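The following pair of complexes shares a single chain, subunit A, combined with subunit B in the former and subunit C in the latter.
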Partner chain A sequence: MAIKVLKPGLATTVQDLGRPGYYNIGIPLSGGMDRLATRAANMLVGNDEGAAVLEAVFMGPELEFTADATVAVTGADLPPKLDGAARETWTSFSVKKGQVLSFEFLKKGARAYIAVSGGIDVPVVLGSRSTYALGALGGFKGRKLEAGDELPVGHGKGAKDGRSVPANLRRAPGNPAELRMVPGLYWHRITEEAGKHFFADTWKVAPEADRIGYRFKGGRPLDFVPRQQPFGAGSDPSNIVDACYPYGSIQVPGGTEPIVLHRDAVSGGGYFMVGTVISADMDLIGQLQPHTQARFVGVDLDTALKARHEREGVIEKIRAALS
Partner chain B sequence: MPHELLSPLPGTFYRRPAPDKPLYKNEGDEVAVGDVIGLIEVMKSFNEVKAEVAGKIVKFLADNEEPVMAGQALVEIA
Partner chain C sequence: MKTRYSYGGDEHIFVEMDEEMSLDAFFKALFITNAVRDAKIKGVTEICPANASMQIKFDPDVIKPADMLSELKKFESVAAKAEPVIKTRIIEIPVYYNDPWTHETLMRFRERHQDPKSTDIEYAARINNLDGPDGFIKAHSGAPWFVSMVGFVAGLPFLYQMVDRQRQIEAPKYLRPRTDTPKLTVGHGGCFGCIYSVRGAGGYQMFGITPMPIYDPNQKISYLRDFMCLFKPGDIVKWKPIDRAQYDATVADVDAGKFAPLMRNVTFSLADFHKDIDASNHKLDEVLHGH
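On to the complex of A and B.
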């Protein structure tokens, strides 16, 4: 069985739960930016939660199926259509051989996850089928989809039509989105005043935000505590001696526009980081459209771990609801 | 009933190919199917927005450099 790509969308890629274990040698995590939506899409169609799905950003692809399958679309409110007839998001539906899946305009959120029973069966590279487009690694030929591509699909048992993730277990960012973060090792580099307005200001997602990093604009620039730059650090006060960049870390080059590193990020460099967005809120970033508002909320590590535990609880509830 | 051309993407709308270039189209201009009327910038890429019907541009409904949502009307063609 295969899926023929009639129209690719803007930047549709094959993603699973990622490629952990190689960040220390510069190969990022990759995988779906909204992990809950990735897992839920797979659960709805009877796949393992870590099967490969399609991540469509801002705009849906147009896909023709060469065999019957079960399909589900989760994440963003990107309404699916089957041969032109509306289908629900977050709900399984069956597709017959020869039918075409397309999408309406994006209504809410940013990234939709399209799961197909059997999973997208591209080769596993370093333990994952995820696409890392910048490094031309994994996924379908290491790149976003193009018209004319034929995606191999594995064998799946499928699932019944109309299975749905209860609405209270879905999650979408508020307006402004609240992104909780733990202040980091370099927090002392900015003035107390700068630290206050970093949290007080409302930021806006920059149009260039992508899988590598989400850039935010519109808050006041951060002032730095004066110092003589140490040997090995660049001359700008936002420079540090090269360090590791965690997934979720917030760098602020020049003190002006915070960038939250996401699934396809570089693993290190010479910009100071104010802190790290907690793992429980990273899914929300994947659903932010350009020009939408966000605020950073400082929390401690205990709160971050508790929030992570709560997110795991929600996934457990989705499993129970669909079992 | 005039036709409204909708933005396929969220992002920033531009009415010219580059800051020092003339506008793609002005109000009152004739357009053919496939004519570029503007760009949407998102994720470091500039995506052309093309007319889906032929006619005359009645009015631009989004300004140059305006943030737009997917499905938002950009221009009215009659």
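On to the complex of A and C.
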């Protein structure tokens, strides 16, 4: 079976849980930016949690099905319609051969995950079906979807209609979003005062926000501790000898606008980083629209690990609710 | 050199060998990286060497961050005792310096450059006290370079020239990054050279272009069939200046599947290098050209 792409949406890509193991040569993790929503969408339609889904950002695609299937849409509040009739998000529904799935305007969040029973069956490249568009790797021909594409779909047992993720388990960022981070890496480069207002200021998601990273604006610029720049680092005080960038790391080029690197991160470079967003909160970033307010909250490693377990607990509860 | 450890959130540990760049720091990073890889620690998912640092990603549900950190610290002493000798490859990369494509691009972004009145290569020659573009090309291609890191984007090598610090070419990045760089541009920023593996944004000075692809996600290019990225940290690169006719001929050979890069296995000793840099580089040249 296949899905015909009638309209591609803004930047719809095939994603699964990612492609670990190749960051040392610059190939990023990739995979859905909201991993909880990716897993939940697959669970709803009876797939393995790591099956490939479609990640639609800000705007949904229009898709025609060439065979019957079970479908679920999770993540952002991007209401689905089947042949024009409303369907619920976070809830499985069946699609008949020839029917067309389309979407209302985005109400909340940023990225919706569209799972189809059997999973999107593009070739596995380096262990994953995820799209890494910058490297033209994986996914459907290494790029975002275009009108006229035909996506292969695997064989799935499907699932019953109307299975739903309980509302209290649908994780979404608050407003302002609170992004917890562990200070570190090159935190010592900024003054104590700058460190204080980095946390105190309210930032706003800039228009430059994509799968590579999210840029934030509006906080006060960070002052640096003066130093003689080390050999090879470059002359700007925000420069370092090019190093690896962790997934979730927060770099601040020139000390002005923080950038949090995400699933398609550039793997390294010459800007200092103030720390790393905790793994539990990376899903939330994937759901931030430009102009959304956000604050960074400094936490220690124990808090980060506790949050990680709490998030895993939510996924466990979703599994239990759908089993 | 003072080693510094930092957690990168709950899934990474970052190890900085030194704040400044040197081959000693790079070797230490490479040795710790290799030791961690050989140890096959359960829960480690990424092991990434960089110029003067390294980073690992791990699953804290499998190994606790504190345990991971103490494991890593053990390798530091192992690496410190290791003899700084590596078995690696030397690869010749043809470069068409002052080519029309990077020239067109650098003219398009001139207002973002420190010196809008000259080209990138003229500017780099001047600030490094080299005798114009010709003198620059001689220095750039005269001594080999280490691949000291692979990343930023898929398969992009960062290169560090194997000369003493006085002879290192240094150039700032563009004042504001370009939104476009031709694929396979040979660039330079700070003390690092690079080859842009894909077309895209970039801030490095642009000196030329190689006809030889270094990344092929479709793995159709003959020498990239085994793996889609050519470079690994620790590889040695020697540039070979070529002209337009040689460039065109190489592109045609690559397209026809007839091109094979000149590549030899070689043993490199950092101690021998420090003893006599030019002699060590001369030996590498001999290996490359099969003498």
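FYI, the second predicted complex is superposed on the first by the 323 of 323 C-alpha atoms of A that agree within 3 Å, B and C clash if a C-alpha of one lies under 4 Å from a C-alpha of the other, contacts with A are read in each partner's own complex, and residues count from 1 in each chain.
Just so we're on the same page, a contact is a pair of C-beta atoms (placed from the backbone, for glycine too) under 8 Å apart; a residue touches a chain by one contact, two chains touch by 3 or more.
This structure is a prediction, so every number in the text was calculated from the model and none was measured.
Contacts of A:Lys97 after superposition: neither subunit B nor subunit C is touched. In the superposition on chain A, A:Arg319 makes contact with neither subunit B nor subunit C.
Comparing subunit B with subunit C, more residues of subunit A are touched by C.
Look at A:Lys157: by the touch rule set out above, it reaches neither subunit B nor subunit C. Applying the stated contact rule after C-alpha superposition, one finds that A:Met181 touches subunit C and leaves subunit B untouched. Of the two partner chains, neither subunit B nor subunit C is touched by A:Arg220.
Subunit B makes touch with subunit A in their complex at residues 6, 8-12, 41-45, 47, 67, 69-71. Looking at the complex, you find that subunit C touches subunit A at residues 6-12, 14, 16, 18-22, 45-55, 57, 60-61, 65, 149-156, 158, 160, 165, 172-173, 189-192, 197-198, 200, 215, 217, 228-229, 231-233.
Of all residues in subunit A, those touching subunit B in their complex are 10-11, 57-59, 104-107, 110, 207-210, 289-291. Residue ranges on subunit A touching subunit C, taken from their complex, read 20-21, 23-27, 125, 132, 134-138, 142, 181-182, 184-185, 230-235, 239-244, 246-249, 266-270, 275-279, 301, 304-305, 308, 312.
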